[in-house]
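Each chain carries a letter (A, B, C and D) given by its place in the written order, and its residues are counted from 1.
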Amino acid sequence: MRLHEYQSKQRLAEFGVPVPHGEIAHTPKEAFYIANRQGGHVFIKAQVLAGERARSEGIKQAHTPEEAEYYTSVMLKNNIQGLPIHKVLVETTVNIAEELYIAIVNDRSSGQPVLVATATGGMHVEESAFADPDQVIKAYINPIIGLRSYQVMRIASELNLPRDLWRKFDTLVQAIYRCYVQSDATLVEINPLAITKTQQFMALDAKLIIDDNALFRHADLAAMRDTSTEDETMIRARNAKLSYIRLDGNIGCLVNGAGLAMATMDAIHFYGGKPANFLDIGGGAIAEKIQTATEIILSEPSVAVLLVNIFGGMTRCDEVAQGIITAYRNLKSAVPLIVRLQGTKSNEACEMLNQANLLRICTMNTLSQAVIQAIHEVQNVDFSS
Amino acid sequence: MRLHEYQSKQRLAEFGVPVPHGEIAHTPKEAFYIANRQGGHVFIKAQVLAGERARSEGIKQAHTPEEAEYYTSVMLKNNIQGLPIHKVLVETTVNIAEELYIAIVNDRSSGQPVLVATATGGMHVEESAFADPDQVIKAYINPIIGLRSYQVMRIASELNLPRDLWRKFDTLVQAIYRCYVQSDATLVEINPLAITKTQQFMALDAKLIIDDNALFRHADLAAMRDTSTEDETMIRARNAKLSYIRLDGNIGCLVNGAGLAMATMDAIHFYGGKPANFLDIGGGAIAEKIQTATEIILSEPSVAVLLVNIFGGMTRCDEVAQGIITAYRNLKSAVPLIVRLQGTKSNEACEMLNQANLLRICTMNTLSQAVIQAIHEVQNVDFSS
Amino acid sequence: MSILVHKLTRVLVQGITGREGRFHTGQMLEYNTNIVAGVTPGRGGEWVHGKPVFDNVESAIEATGADVSVIFVPPSYAVDAIYEAADAGIKLIICITEGIPVFEMMQVRYYLKQIGSRLIGSNCPGILVPGQCSIGIIPWQIVQKGKIGVVSKSGALCYDVVNALSAHGLGQSTIVGIGGDPILGTNFVDVLEMFENDADTDHVVLLGEIGGSEEIEAAAYIKHYMTKPVTAFIAGKSAPQGTRMGHAGAIIEGGRGTAQEKIEALSDAGVRVADHYEQIVDIIRESK
Amino acid sequence: MSILVHKLTRVLVQGITGREGRFHTGQMLEYNTNIVAGVTPGRGGEWVHGKPVFDNVESAIEATGADVSVIFVPPSYAVDAIYEAADAGIKLIICITEGIPVFEMMQVRYYLKQIGSRLIGSNCPGILVPGQCSIGIIPWQIVQKGKIGVVSKSGALCYDVVNALSAHGLGQSTIVGIGGDPILGTNFVDVLEMFENDADTDHVVLLGEIGGSEEIEAAAYIKHYMTKPVTAFIAGKSAPQGTRMGHAGAIIEGGRGTAQEKIEALSDAGVRVADHYEQIVDIIRESK
């Protein structure tokens, strides 16, 4: 789960990381008053879970409360990467001497957290990192021992930080690491990390991603979830513990297992079709969950056909069939249904589906057949519309 | 540094360990009111840093506020093992079904913390542990990984705890371990740990000892130090970072290094004398610290002679001589001085001492000579007094 | 022969009294897996499917000589179960549990490497040796004894492929589900090495996914050390780029992790990579 | 020959720019110890007593080939210094620093055992090989080359004994101060074993104290494995019982740790134990 900038900063500040003074505004008027209290010179920053806000007019510098009000009013009508902006962070401007980049992220291949830093932060950090990999400084962290100060001092040295800032840098980075561990974060990123003209470190922008598997023990973080930009379908999917991602095609997919779900999308592409979604019902799903999943897909206006690809191991095909049938009956849906079921109780399932009197249903033995049939159905729909 | 019972309980409670409701009273009247608020049935427990309070009338059960007031008034006039009682804990009585013993302590020989438990707690725990070592249940804790739940469950099993209490026991013990680690404790002991009639765990008595070397990072714990029972000399010694322990003899000892200080005491005993104190000035002490140390020893009325045994390595003997001379001059002391100095700058030091015109001074080459001379001086004093 | 486990492996089921543990213990026993005991703290003395339940792993080992453990414990206790098994001397631990926080997995993985226990998973379907034993949740109904070693990150996709292999007479030597979580106890390379050294395996099927670099490392291993033919499929070629791990993820992975890059690395190592997973059977049949 | 270190040992001083580090570096150099570099983070590029200072251990090793480190870093950073030395591959780390919190010492001791680095101390005077090198704070003015190995928990007591030995012509092969803290990186047994195997040592002096059970373990080792004579002294026979570690301490130590118990165990192992430390010289002379 990703946190907003203002939430990330709040969390980091709890561990002792210095951040600029800032307040959240939901209206232009609020922004005016906050800016006024801060002397007029503020940044207005759209709080939206998308990257590259600066390139999308999501960050503006105001020099008067009126400007703050104006930029806020423009922003709140805007959206970034399709996400509406419901609030902005009104933040005091800081006198910057230098900008660094620093992050802690889980490294899959070593199975360790890794500290990453570059001497030049800002929005071009990735490009310059790719252009000159040598300037990217890394320290792998023993997950049992934790981050050692000597590792941080070494990074301070490689970043060419002024020597009298090294201990302060260690204190800062240790605070970031504590925040990372105690928040069960998979990423903590501060970009830019400023050194102010008074030789203080300050996190000008921050991003935290929390491990979804660990949210059960972080009620405070779980409560930070911003559902204001999620529609009902997304919330329904999450509540049902369905992994659901909308895509821009028209073939709805209902599959068990993330790997098989991706492989099914790949097969649709392979035969020239376009999936409307990724949906993994997980292992051992029962009829109710399948019903919810089916209803979610059928409720999407873009879906012209539903392709079901289930290989029953822990998942029982009869439960899948039952869920699908109930959903179709509930919604009285006429969306064509292409079913490919294999494994546990697949014969029973096919029998159930055949006897369910759904409007247009087709059961197939192989995924290839099912995909070709689905694409065929879509083309029919396209012609008739 | 050892904490009082009420402080230990307060600390444990912060980590989620259940303790009975209790309040501190400094006067019998306070005890009356607290007992009254708690319905009259309370324990009155002397808050004093000594063991075996129950055997020394330091724990009393009251059934009315009047009784609470009475016991408090008696206790506050009393002392335990020579320590005055300045406050009592007035604590609600708890309905107990069973009493266990549990502690976490640093184990020197394995270099790990060890969890120790017995199924029968209370004040006889040590005797019964020695009588039947098999009933003592231990689990060694990996200091890097921490205490694992499976270890606690195993202990629950060996303690024959009811199975439905195992998870609750794990939660409790994990809280105790967190308290131990995060307080830099060298001991956390809960004795007895009660299981109440409603099947709750509750710490009826608790003892924490904090690692003195770690106090610098625990300002809150350091502030809990009770200096009300320490006299000025003890406080002065601690503030000067002198390791000082009063003993019941009459030969004052000033030595560098704990090992040499103990060996000096041993030599005094070997030749039939009795040391008045243990005092380690530490390594590399300068004149001022030596002066303080000398003044502390000379200020004790029991001291009939001062024996100095210094082997100068990091410690410079001239600094030692300077400190001693200044102290003798300051106090205009007539206590005989027996000095044995070896090592760095010992010749200069002897020269300084010889020229200082102290009243009665004797420099010796070996410790044996010095000790025999000191004992001789003491006997002279004894005869003359 | 087989890899990792065999007919005589003495299996312990941690979490045997739970819904999943109980059900799959029944399934494994039906396949004649040599399950000797179960463990659930606080449930010692019970019996499940005729097997004794112990309060802890140590006493289960003492009583039954269990040497491999399979874990069906819920995520909040699963890591503790892994530590317990490892500390009790179990050298192969198969963790089926899904949803363990990743930081704890990093810690336990590090610890197990130190003390020399192997972990498969977590969040994996386990290991199945056709005709010998099934340790985990791979449906044995679909397998067939043969010479193809299968190693997969995903579960259902693996079953589907194994089912197709069996349907075409292409039996399997050992099937290993290593799991698809970011932190894996055992990687493709580990299993490939075992297959390379296994006399009963003459062909390997590798089922990978987008994300991570295990397939790239596998390609490097295959290129330099493997003599047996490998057929692969990488799921997620058409997947949209997922939530990016900030700049850091991109910088660290350095552009690795895409299906295309994995396919290229494997192809370069001489692996035949299927465009669509149903082609795997055809590719193997053609090569015979 | 000698144990642990010798003339060619390339010594790194961590904390070389501090007051203690600087002073003792001078002392060690006066004894011709082969100090090659110092480390103080943030002070790289400076020089102390003609030796280069580096910002970190790794670069110091790269530049100078240092293979043993001696630590004079204040307690709040000393543990980090030990980890740094160990992670950089230093196999012998001598920590002079006093006052390190005991929990951190337990952690670092455990870690060093895993990665196979030896720690002497903390809170110890170090190692001195007469005529070869002094690594730590043992005053070299009092030593004499010879055949007696000395191992001690305490500092000043050790110096006093060594001084007396030298004064009577009883030279030393190696002097090792293991420190008197509750958690020791290296124990009596470790050092006794080295002396037993050292051709240059024909007699050992062991200086112990009350507390802990290292002397008991030493007695057991001597009894079963040692052929060379050992003379010992245990300080604290007349000490009052210190602050008791609650019931737990008594239960865990089971009555061990007193001077009397240690003296008996050592005597039982054939060690001649001095009643008073000035007797040590006499005992050794008598035995010659």
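Here, a contact is a pair of C-beta atoms (placed from the backbone, for glycine too) under 8 Å apart; a residue touches a chain by one contact, two chains touch by 3 or more.
None of these values were measured; they are calculated from a predicted model.
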item	value
If a chain touches subunit A and subunit D alike, it appears here	B
Which of A-C and B-C has more C-beta pairs touching across its chains	A-C
Rounded Å distance between subunit B and subunit C, as computed from the means of their C-alpha atoms	55
Length of the line joining the C-alpha centres of subunit A and subunit C, rounded to whole Å	28
Geometric centre distance via CA averages, subunit D-subunit C, whole Å	49
For subunit C, residues contacting two or more additional chains	107, 111
In subunit B, residues with contacts to at least two other chains	144-145
Arrangement of touching chains [line / ring / star / complete / other]	other
Every chain pair in contact, whichever chains are involved	A-B, A-C, A-D, B-C, B-D
Of subunit C, residues touching subunit A in the complex	20, 75-76, 98-103, 105-107, 109-111, 125, 137-139, 141-142, 152-160, 163, 180, 182-184, 207, 209-214, 217, 233, 235-240, 243-252, 254-255, 275-278
Subunit D contact footprint on subunit A (complex, rising order)	145, 148-150, 153-154, 157, 163-164, 166-167
List of subunit B residues in touch with subunit D within their complex	2, 51, 101, 103-109, 111-114, 116, 125-126, 129-130, 133, 136, 138, 142-144, 181, 184, 186-187, 189, 191, 207, 209, 211, 213-214, 216-217, 245, 247, 255-260, 262-263, 265-270, 275, 278, 283-284, 310-315, 342-344, 366-368
Residues of subunit A touching subunit B in the complex	144-145
Residues of subunit D that touch subunit A when the two form their complex	41-44, 55-58, 77, 80-81, 83-84, 87, 107, 111
